[in-house]
Amino acid sequence: MSEPLLTIADLHAFYGESHALHGMSLDIREGEVVTLLGRNGAGKTTTIKSIMGVMGRRTGSIRYRDQELIRLPSNAIARLGIAWCPEERGIFASLDVRENLMLPPPIKAGGMPVEEIFALFPNLRERLRSQGTKLSGGEQQMLAIARILRTGATLLLLDEPTEGLAPVIIQQIGRVIRTLKERGFTILLVEQNFRFAATVADRHYVVEHGRVIDMIENSELAQKTDRLQEYLGV
Amino acid sequence: SGDVVKIGVLNDQSSLYADITGQGSVAAARLAVEDFGGTVNGKKIEIIFADHQNKPDVGSNIARQWMDRDGVDVIVDVPTSSVALALAPLIKEKNKVFVNSGAATSDLTGKACQPTTVHWTYDTIALSKGTGGAVVKAGGDTWFFLTSDYAFGHALERDTSNVVTASGGKILGQVRHPLNTSDFSSFLLQAQASKAKIIGLANAGGDTINSIKQASEFGIVAGGQKLAGLLVFVNDIHALGLQTAQGLQLTSAFYWDQNDETRAFAKRFEAVMKKKPSMIQAGVYGGVTHYLKAVKEANTDEGDKVVAQMKKMPINDFMTKNGSVREDGRVNRQMYLFEVKKPGESKGPWDYYKLVRAIPGEEAFRPLKDGGCSFVKG
Amino acid sequence: MAGEFILETRDLTKEFKGFVAVRQVNLKVRRHTIHALIGPNGAGKTTVFNLLTRFLTPSAGTILYNGRDITHAKPASVARGGMVRSFQISAVFPHLSVRENVRVALQRPLGTSFHFWRSERSLEGLHERADELIEAVGLSEFRTAIAGELPYGRKRALEIATTLALDPEMMLLDEPMAGMGGEDISRIATLIEKVAKDRTVLMVEHNLSVVAWLCNTITVLQRGEVLAEGPYEQVSKDPAVVEAYIGTGHV
Amino acid sequence: MDRGTRITFLAMVALLVAAPYVLYPVFLMKVLCFALFACAFNLLVGYVGLLSFGHAAFFGSAGYVTAYTVKMWGLPPELGILLGAVTGAALGLVIGWLAIRRQGIYFAMITLALSQIVFFYAVQAPWTGGEDGIQSVPRGHLFGVVDLQRPLGMYYTVLALFLAGFLLVYRIIHSPFGQVLKAIRENEPRTVSLGYETDRYKLLAFVLSAMLAGVAGGTKSLVFQLASLTDVQWQMSGEVVLMTLVGGLGTIFGPVVGAAVIVTMQNYLAEFGSWVTIIQGFIFVVCVLTFRRGIVGEIMGRFGPKGAAPTGGGH
Amino acid sequence: MFELLGIPPQALFGQLLIGLINGAFYAMLSLGLAVIFGLLNIINFTHGAQYMMGAFVAYLSLTHLGLAYWWALLLAPIAVGLFGILLERTMLHRLYKLDHLYGLLLTFGLALIVEGFFRNQYGSSGLPYSIPAELRGGYNLGFMFLPTYRAWVVVASVIVCFGTWFVIERTKLGAYLRAATENPTLVQAFGVNVPRMVTLTYGFGVALAAFAGVMAAPIYQVSPLMGANLIIVVFAVVVIGGMGSILGAIVTGFGLGVIEGLTKVFYPEASNTVIFVIMAIVLTIKPAGLFGRAT
């Protein structure tokens, strides 16, 4: 088994006074798709934001390859090859679709060419000139994923890419994630919907109260469904 | 009162008129006290000063405190007509003396006159009569006014128009510009179109400076029209530079380079202030001196008595020859019409004016009976 | 007044600078039912809500509420007429306590809301009713808590209590379950079911199991137009709906 | 009022009743006028979250109306001040109607600009006396009996007006109306959806604030026997912001403390000329950077009951 | 000769041209404000003071260093821009997470300090700065005498304004700026150094103000208060144009200059208020301003 690409150890994070992560630890290996599952407010988004360096105060350790991320500003973290697709998508209203797509600066060589991106998301090609936020929710989600593929980043952090989307679009996003995995991207995925997660992931971390309480291999998911449902309160 | 005679110099220390009054007036008052010997009738003379920020409420607040608590006997300078008008009745009420050098409004010795007010250096009437009348006499008989659109500007325009027409001149038009306009080009274009020989600037401070500056830019003076500044100080000319200001005609009560006495005073003043005195600052010296003399003569510092004494004595100092304080408080003095020199004529910094005409006090100021001052008999 | 349909739209249309977000929608909501509005993203569901509650002005068409034309009413007067909405993102008054949140809604019918000379104590009579409502949504233990500090699911419960305080005849709920975990989903769904007994509810929701559980009638919008309408069993089998919305690989 | 507030209030009243025997009454009256002005302003910024940068318009124009009617029409002082209040309210209605459509910075800019119209009007209109202002306003006799020319007569009149205004602000905040204002500030669309026409509430709050500013301005013109451009200038709007900020936005006593501090400072620094502006600017900067809750806010935050600290202005 | 509203058409041309020249200043100043507001969401109340500083740098570099106008045109934006950067780094940047009103209050305080300081040092009656020799004189256009310097002002302003517009609306850098306006955290997480960009943008906006100040020095008096009165008008221009809209700032700047100029001819009493009146009208009809996006 290969070396972990990303290792989080004893991570604590704070929103002002409030303590959101209480000793989060996990690791991700190159080429894996790993999900974070957990109830609302468990700390999934906070974990992603901590990796990306957009959280306020954090302590503990986040190692990416040989680099400690905890003190780096987020632009430096991005430059190491980590890209983020935020929960609220973050499509820019003052930019058109093309500008939105071309916005993130390339980090290193090997980013996905625009043509391939259009092959993956044909809808985007048709709407290049419209204002970013005029796209439908699903298209915005596609755009949010598409724009980080261009940059050459190899670790993608996808925060609830299916939230608020129509079932038909969720299925399409699932296909895209599987394609990305085949191309060697490493993906950390946050999901509420574990049925969807099961169709794309290798492993699942269950998060509660700001720490990992369990790890389930996708292969074992079938046996452990009950346990998982209990965790998630479904 | 008490065992000191306290002089309060109240003026603009920080803003528009700080250069022509401000610390310079304080310095002039100090020189006067020094020359007087530092004491009067055995009492020490003290000077305090404050900044009224050109705001009547600030000014009257300070004046009240000075008179109520600090024992100030005389308030001097007070530029800015609004502040002066606010102070005059207050000072009368407390029976103190008001020797005003800085304010322009002729109301101080007219409608708003007070028995304890002495208006020392100049007023709007003198400015308009001096500039209006003398300029017409010198051939500038068609006028166009650039008037600042508020009471002061209107008054200046009205008074000057009267003088101009009375002297046989003609008013071709006027334009009212808002207070503190930064750009005058539009107004100047209108003035230019009027083809008047004289463009009268019935405004003050920054407005005057900017109109002069931009008139030069638009080639108005080069095109043969002349500017007449109704309220211009030597410091303004200094700020503008002769290149821009040349040819401007203006009225003043004092110019540092008039004779040996004025030059001597200017030299002493410059030693402290690093610049030449304005007519207001020079006036503060004269006013304070005259006040102290009256205190000495009358042997009291009660306001009404001191002022009565001031009105009895003639004024003679480096700036005023055979002047007098009239019954309404107006100081009768000679005024002068100057023209700003061309750059070539000037021998160096501060050498700016050449005399066009001296105007006797009787001609320059409003006749006593016309002012509408309530306590002037007859 | 007591017609069969509490709310009707006729050819309701909204155009944003040449883009038609809602096109000739004829919606009929039957009294005392839970009616769902579903459809792909960008279909125009929120826009319809905004039109109904007059947060947006229709480009064309009419809205009838209890037989009355409210197409040109003001948003606040629509609310006073008994049609109250919730928001897609949670909407509480974060610095007020739970009880004060509910009280803001309760105080309106008193008619003293412009009385700036009257004491706040004149509102204390409302506490009893407020506490009843808080109890009904299961927030009794949080009565004095500051609303902003509540967990997400509880905030939504509070929002419903506040809405109920107006004793609305009709409630419009925009994605009440969005971003909610399974546990909260079932609590809120139960709550909606309970309060809908003698009211009418129109809701937007992507969670199909909730829709299937709660809703009597479902209207599917697509590109601003009505694609299908009917009970869940019927709509969910409609091939057009499956293609546009549900998809084949149901997850 | 809760106990702490009541005790503080009574202490303030006692202090103010005794003060003129120790301190210079004109100075105290100035403090009280500005304190009332700042309280009026705070009603809007602290409790509705609308930062008006044009409150001088109400303060100053009320001053003109009071001064003019008392001097020219010979109205008694109480009527003069009443007319000042009406002027403030009427102007508040017009400016408020235009401004409440926007929030935050936009609101600030719009009120600022509209108040400039009032300022230029005051500069040019003949009845305001332009640069000279309206001078020598007689103070007259309050209700025909109290001689306001006497310092203490004037002082206790001003004090009574201030206390009335202060209590009115307190009552407004703690009224059913105040509850709705609070709700609007927290979440306006939600308040609309509950059936409140929020613009009307904001407008009423604006008008009330403008009216109280008018009372303060009218009173000030009687105290100084003068109405002048100073009070309609935008710098005056800035000053009231400063007072409220220094004292504590959204605290009931903050504006009073702030007004006292700033007026005292101006008084003692008057001889330093432009240093006054520099120091004022400096206080602004320090307050914004390190002291955002203001004097009263910080005290309450440190020693008061938990949750008593204000939440600060704006949204 | 026929007349239009009592004014000969030739004079009217003159007045239109003059309006345009004044509009050039409004445009440059409101442009800087719009850039700063657009990205930092701060109403830069110090803008007027920074404009004044630009003029002062020109004056001081002439009197103390003997550097002529053209040097000042280069030097002043840099110097004042650096001053702006210093302010941003030490103070403004601590306020981004707070309500935007604090930015307004802070810059208001800074404006008081800066203006007070210059008043203390240089008095307030203003200092002279003459038109550079190359730009003296003028052209007789028949209907009016157009000073060369004024012509230069218009040309320079148009170049600066449209250059800025182009950079912001049409380039990659502009896309970063616009995106960072909406969501700085995200843009930074894409690997863009947003804090530095914000600092530089503020510096640039301030430099624009200083540039306008140098342009103004030869026409107006160099005085500590020259910006204080202008700034409120410029705020109104920005509000009318639509806050943060670059194009709005430019177009309204020029447009209002012309309208104000015409008011000076037909009804000069209102020329100070006309912009505010227009603002009130625009806001009743279009609350977001002429070019503003509805919020």
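By written order: A, B, C, D and E. Residues from 1 in each chain.
Basically, contacts are C-beta pairs under 8 Å (C-beta built on N, C-alpha and C of every residue); 3 or more make two chains touch, one makes a residue touch a chain.
Owing to the predicted nature of the structure, the values given are computational and were not obtained by experimental measurement.
Steps from chain B to chain C, minimised over paths through touching chains, total 2. When the C-beta pairs in contact are tallied for B-E and for A-E, the bigger tally goes to B-E. Averaging Cα atoms per chain gives one point for each, and the point farthest from that of chain D is the centre of A. Our note on geometry: chain A versus chain D, Cα centroid distance of 52 Å, whole angstroms.
Between the CA-based centres of chain C and chain E the separation comes to 48 Å, rounded to the whole angstrom.
One finds 37 Å separating the Cα centroids of chain B and chain D. Averaged C-alpha coordinates give centres for chain A and chain B that are 77 Å from one another. With touch defined as above, residues shared between interfaces to two or more other chains in chain B number as follows: 14-15, 18, 22, 149, 178-179.
Looking at chain C, one finds that none of its residues touch two or more other chains.
Within chain D, residues 120, 124, 273-277 each touch two or more of the remaining chains. Chain pairs that touch one another: A-C, A-E, B-D, B-E, C-D, D-E. Across the complex, chain A is touched by residues 172, 175-176, 178-179, 181-183, 185-195, 293 of chain E.
Contact residues on chain D toward chain B in their complex (touch as defined above): 24, 26-27, 30, 120, 123-124, 126, 129-133, 135-136, 220, 224-226, 228-231, 266-267, 270-277.
Interface residues of chain B, counted against chain D in their complex, comprise 13-15, 18, 22, 48-51, 53, 55-58, 60-62, 64-65, 68-69, 80-82, 85-86, 89, 105, 112, 149-152, 178-179. Within the complex formed with chain D, the residues of chain C that make contact are 53, 55, 74-77, 79-80, 84-87, 91-96, 100, 103-105, 107-108, 110, 112-120, 122-123, 146, 162, 166. Contact residues of chain D toward chain E in the complex are 51, 53, 98, 101-102, 104-106, 108-110, 112-114, 116-117, 120-121, 124, 234, 238, 241, 245, 273-278, 280-285, 287-289, 292, 312-315.
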